[in-house]
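Both complexes below contain subunit A, partnered by subunit B and then by subunit C.
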Partner chain A sequence: MIYVDDVKKTYVVPVRESGIKGALSSFIKRDKKEIAAVKTISFEISKGEIVGFIGSNGAGKSTTLKMLSGILHPSDGAISVMGHTPYKRAPEYLKKIALIRGSKPLFAPADLTALDALQMQRIIYDLDYKSFTKDLNRIVDWLGIEPYYKKPLRTLSLGERMRCGLACSIVYNPEVLFLDEPTIGLDINAQSRIRHFLNEYNRETNATIILTSHYMEDVTQLCERIMVIDQGKLLFDGNIDYLIESLTPYKLIVFTPDHGSTHIPWDRYGVVEHEMNGRITIRVANHQVPAITGRLLSDCSILGLTVENPPFESTIEQLYKAEVV
Partner chain B sequence: MNNGDVLTSLRLLKGYTAWKTMDVFSWRSFMYLLVFSQLITPLVSLLVWQAVTAQEQTVYGWSSSEFLVYYLAIIMVRQLTVSYEHHMLGMNIYTGEVTSLLLKPHHLLYSVIGENLAVKIVSYTVSIPLIIVLWMGFTPTILPSFSNVMLFVLTVVNASILRFLWLYLLTLTAFWTEKTQSIVNAGEVAIFFIGGEVAPLFLIHGFFGDAAYYLPFYGMMGFPAETLIGIKGISLSSGLLLQYAWICTLVLLCSWVYKKGIKRYSALGG
Partner chain C sequence: MKKIALVHLFFKTSLMTQLPYRINFVTQALSTLFYFGSGLIGLRIIFTHTDSLAGWTFYEIVTLLGVYQLIAGILAFFVMENVENLPDKIVDGHLDETILMPENTQFLSSFGSCNVWAITDILLGIGIMIGSIFLNLDQLTLTSFQFIVQLMQFFVLIGCSLLISYSVRMWIGTLGFWLGRTGGGFILFTSIWAMGKYPVDMYPPFFKWLLYTLVPVGVVASIPTYVLFNGMGILPFMGLLFLTFIIYLFTNSLWKMGIRKYSSAAS
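And now, the complex of A and B:
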């Protein structure tokens, strides 16, 4: 479905020294510097997969998405999506894909409505009027945009614009969705609705979804497979549970002892991570969790106890430190 | 291009024109300013030439009546061929919004032409009543013949295409520089000085005056205006031929610059 083979992307950017001397010398001769946004990445994605692309700012996530969608021309290597070479931007290819950017979810004049934008999509993608109307009603219900899709876009919130942007992108039933930070700037409720919708769209249409996000919730809730990119290099490509298991092979036991047990040195049971408002969090190796939990419950009087996975952020932090490929 | 392609092109052009027209109708104050800005320079030139020929003087055979019709025609040509690509397409390139257009399954030009037609349609709602008021207000004594009016319509359509292509070509420099506005302004100044607006071209003598007929700017402004009153410096067929030759040349140039621009955009990203 998607094949990325030894792809590189370098940019040539002008550079200049600070101060008047730098300004003068750049006026006479402009120096340039080559910056590698993506340094040789390769991967394959099958039809119907939802893949999370994560990494820090400037890691190369958006550049990769732009190369996959055809906006950017790779400096080296080969990309094939559904048998097409993206940068050629063949109309047949562009009819099968959608790139949705969280920062600019909808490209339409602000005084028009989302319905106007959807009608324009019908003309651009040459959709049959009857099936378009049927699909439109379904999408409006699905995304819950009924209350505002006939209002001018300038009056909509970012979350509402995002949902309208998604409606415009899926109205022509693309087989591949490239989502660049689809939940950026949205409140928790709006994020959750977008995630739920993407899951549903994938389940109903078997569309392939590749998304980048800084919100780990997006990735952990939507994707079984993640790709971690840092400084243009792919650090990890695989199952999310495997990543957590291999990089953070411990669990967190969170418990609240009663007042009589406060004198107990908790580091006897594991590494104390937090101790706040009577709630204690200890880190324990995976294989020791049942034994330690048993000991805690028998040794002390415990008011409440839960066993949790470490936050996904700390797994990613470990990955950056370890630089595991 | 087969029948299917033609129908697709017409569908896209109609769709984009309607869509952009809905948008442009909300730029009310901008439209008044645009029409006013297109009116002011030919109106000043008209008043200057009216002053020069006020005492029943003639300049190379033209009296104040001919200058009046000529400059009323120039006002019409300016208003009817209005183009504003540097604002719309240029901004889309600077802000990276053009990315969304490049991901549509058609050439960028459909959207640009749709926008151009939308600006024309909306500005005509202001400029055409204004033109009627000016003709009634100045009451020229020489009225153009029916055949000249028909020729004027044809040459204005050609001038519209020429001016659009010229400004589109200059706007494509936005792929390289953020100073597109200055480049487009220089292009507009060229139309003003050697297109026949500051003075009819037959008043400019020597090599420079002769050469100006063969540049695209005369076809954008002076030539259509002259067809209304009777062409002076060049024959009608030569003028039409030059308009079509420049349309073909600019189409080729635009296509070449567009390809280079897109290549650069694909290298640098939006």
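And now, the complex of A and C:
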């Protein structure tokens, strides 16, 4: 479905020193610098997969998405998506993909309504009028944009604009969705709705979804497979549970003891991570979790107890420290 | 067919976004009238001292002003704003959405939005042209066949003028792929372009050469107007068509080369 083979991308960017002196010297002589945004990455993605692409700012995530969608030419290597070479931007290819950005979900002028933007898509993507009208009603219901899809886009909240942006993208039934930080700036409810929708779209259409995000919730809730990119190199490509198991081989036991048990030294059960408002979090090796939980429940009077995975952020932090898995 | 539907769509969406701002219509209409009126008054003063200017009569030059206004109006209506915004879009990485649409990117970048109030220039230009043709019927109707040929040549050359004017502006915009913000080029071109509202024959030889070759403003308004009144031989006429075709091909190739250089600065 998607094949990326030894792909590199370098940019030539103008550089200058700060201040008026730098501006003057760049007016006379312009210095340029070559920056390797992506340094040789290779991977394959099968149809119907949802893959999370994570990494810090400037790691090369967006550049990779731009090469996959066809905006940028790779400097080296080969990319094939559904048998097409993306940078050739054949209309048949562009009709099968969508690139949606959380920071700018809609391209239409702000004075237009989402319905106007959808009508624009009908002409641009050569959609049959009858099937467009039928699909439109379904999409409006599906994304829940009925209350505001006839209002000017400028009056919509970011979450509403994002849902309208998704409507404009799925109206032509793309087989591959490239999502660049789809939940950026959204509140928790709006994030959750977008994630729910993406899951449903994938289930109903078997579309392939590749998303970048700084919100680990997006990745942990949507993707079984993740790719971690750092400084233009792929650090990890595989199952998310495997990554957590191998890099953070421990669980967090979170419990609330009753008032009679507060004197107990909890470090005898594991490494104490937090102690706040009577809630205690201890870190315990995976294989010790059943035994420690049993001991805690028998030794002390516990009001409530849960076993949790460590935060995904700490796994990624570990990965950056370890460099290679 | 799809391209016509798209231009219609761009017109409709521009109309929807610009109609609420009625004051822009008033300012544009006043600016059109002022621009044309000042040119006309200047001409009237000159023609109180002479019967012709570089071989052109007063009515011929007024027609030239009308043709100039019409061409400027059509360009402003459909493409000017889009092409002039190109360098900034290239540098700031705002061509991404356009590039990913299943349609010719040069077409989409040239016709993305319309300046609907430029209709005042178009209407005035058409009005002057029609008025001029009727006022000069005696000069134009040597034979009805010749009149029709001249009229046909005139309209074809208006088409060529539009393509050439669009192309030169597009070159400046497209150079943004290599040179960054080239907006200053539009200011320079517009200043030279304004020289085309008078007969190019009246300028000194160097400017005349410049306006027929490097910045072909002379080809844009003077030649069609001259042809309307005097006609043109088949050979130079075909030569102009060929020249327009070459210029258009070059514009397309330059765009294709440029788009390969696009680096999509925004994330």
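Going forward, the second predicted complex is superposed on the first by the 315 of 325 C-alpha atoms of A that agree within 3 Å, B and C clash if a C-alpha of one lies under 4 Å from a C-alpha of the other, contacts with A are read in each partner's own complex, and residues count from 1 in each chain.
One rule holds for everything that comes next: a residue touches a chain if its C-beta (ideal position, glycine included) is under 8 Å from a C-beta of that chain, and two chains touch if they have at least 3 such contacts.
Values in this document were obtained by computation on a predicted structure and should not be read as measured data.
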When subunit B and subunit C are modelled together on subunit A, clash or fit: clash
First, second, both or neither for A:D180, with subunit B first and subunit C second: second
First, second, both or neither for A:G70, with subunit B first and subunit C second: both
Subunit B versus subunit C as contact partner of A:T248, first or second or both or neither: neither
Partner chain(s) touched by A:F107 [first = subunit B, second = subunit C, both, neither]: both
On subunit A, positions contacted by subunit B and by subunit C: 11, 66, 69-73, 89, 91-92, 94-95, 97, 99, 107, 109, 111-112, 116, 120, 123-126
Subunit B contact footprint on subunit A (complex, rising order): 11-12, 63, 66, 69-73, 87, 89, 91-92, 94-95, 97-99, 104, 107, 109, 111-112, 116, 120, 123-126
Touching residues on subunit C, where the partner in the complex is subunit A: 2, 5-6, 9, 13, 16-17, 20, 96-97, 99-103, 105, 113, 180, 260, 262-264, 267
Subunit A contact footprint on subunit B (complex, rising order): 8, 11-12, 14-16, 19-20, 22-23, 26, 97, 99-106, 263, 265-270
Residue ranges of subunit A touching subunit C (in the complex, touch as defined): 11, 14, 62, 66, 69-73, 89, 91-92, 94-95, 97, 99, 103, 107-109, 111-112, 116, 119-120, 123-126, 180
